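Okay, handing you the structure first.
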Amino acid sequence: MAIRVQREDFDVGTELARLTEKRTDIGALTSFVGLVRDFGTPGGGGMTLEHYPGMTEKELVAVEREALGRWELSATLIIHRYGRLEPGERIVLCAAASPHRAAAFEACHFLIDWLKTRAPFWKLEDTAQGQKWVEARAEDETAAKRWRTGP
Amino acid sequence: MAIRVQREDFDVGTELARLTEKRTDIGALTSFVGLVRDFGTPGGGGMTLEHYPGMTEKELVAVEREALGRWELSATLIIHRYGRLEPGERIVLCAAASPHRAAAFEACHFLIDWLKTRAPFWKLEDTAQGQKWVEARAEDETAAKRWRTGP
Amino acid sequence: MKVLWFAWLRTRVGTATEEVALPEGVDTVAKLLDWLATRSPGHAQALSQRAVVRVAVNQSYATADQPVHAGDEVAIFPPVTGG
Amino acid sequence: MKVLWFAWLRTRVGTATEEVALPEGVDTVAKLLDWLATRSPGHAQALSQRAVVRVAVNQSYATADQPVHAGDEVAIFPPVTGG
């Protein structure tokens, strides 16, 4: 039940330990870390993540709430960075803790799939042809659709 | 591409950081931590994990190899503890790193589902009626079957 | 009304934020986009492909027929690419 | 042959490891289990429900009709419950 939007890196071990600390009702903790990949750009690649302060936090809270309504969860966490990021750097951390492992896996997968199509972030990538705005990928939309309920 | 069977606890942050360190080809890192749950046993609960040294390592390597054959993975890790474990303690860590997040999620989920029905570990739980061997659960078998290929 | 532009829409419009006075009759998201497109060639270009334009009113996703008011914060941006 | 027992099968048999000399004709996993069951009431009880008995020969899962030899390490245990 926590979301954070920040420029700085985060410590995955510390963040995950905090979720389960002093608790004995959690049987399963699934986490996802998204990292900047190097696509072989001369000069090293990297990107700048723009976001919409205010709306970003609102959307991340909404994504988290949706997960809490769908699965039996003991704790959740989303941390998303913005600003300049080099290849190999962490971009995002999603985590879901539950008494049961299927719920932890599904909820964590949901968190990242859902935020990818909802949270207002935009990647400006360094390419050999200069900086380029990343285009939304159809497969991210497909991944998110998998979680859609109702008609 | 690493498995470890050990009595001691592990540091999740250190282990995950090691998987992605100095690499820029990894876009997604999914991890799973299994923890000892307290079922409200008077005196605190807890368990003792027995295993079959030698075969355990062989089976974990086989589980990891199977994952590497099925998904495009940049790195995998399985750490499984044995011996005395108290409620809240970590039992197992599975991690899968990949250029793509769907592969990382599926492979990590596979690692834990598959090892749960294959790796020779047995839980002896403290209960109000004394120590009791945990019975295999049909739902673990069902979860593992999901990954079975072929006829 | 405060209008915010993000990512390549911002680049085309040439500004991140503008204060606009809504003309009479501009009372939905769709009408707002139509009107904004008349403000400059950059605006027109940014809004030429409506299928890739997303709108948030007061920091929540909005549909084309959603009402807009003078005091609203309206953000206009391409499909998101975070995570 | 070295026979290893684990978990509640070990508790019933009363030992974790035993060295056995295979009688003639005991040349498959199924025949080995039949023969082991005759060694003591504890063995008989441990092996009474074959559906919950798993066998590994030389640290690999084995089927009932798999051959066994004098030098093998055979482990007998209930369904695993790790993870």
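Going in written order, the chains are labelled A, B, C and D, and every chain counts its residues from 1.
Note that in this section contacts are C-beta pairs under 8 Å (C-beta built on N, C-alpha and C of every residue); 3 or more make two chains touch, one makes a residue touch a chain.
All figures in this text were calculated on a predicted structure; none of them were measured in a lab.
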| item | value |
| --- | --- |
| Partner chains that chain A and chain C have in common | none |
| Whole-Å gap between the CA centroids of chain B and chain D | 26 |
| Distance between chain centroids, defined by C-alpha means - chain A, chain D (Å) | 49 |
| Where chain A and chain B are represented by their mean Cα positions, the distance between them in whole Å | 23 |
| Set of chain C residues in contact with two or more other chains | none |
| Per-residue multi-chain contacts in chain A, two or more chains | 34, 112 |
| Chains touching one another, given as label pairs in label order | A-B, A-C, B-D |
| Contact footprint of chain B on chain A as seen in their complex | 11-14, 16-17, 20, 22-38, 45, 87-88, 99, 101-102, 104-105, 108-109, 112, 143 |
| Residue numbers on chain C that touch chain A, as the complex places them | 4, 6-8, 11, 52, 56, 59-61, 75, 77-83 |
| Of chain A, residues touching chain C in the complex | 34, 49-52, 54-55, 58, 80, 91-92, 112, 115-124, 133-137, 140 |
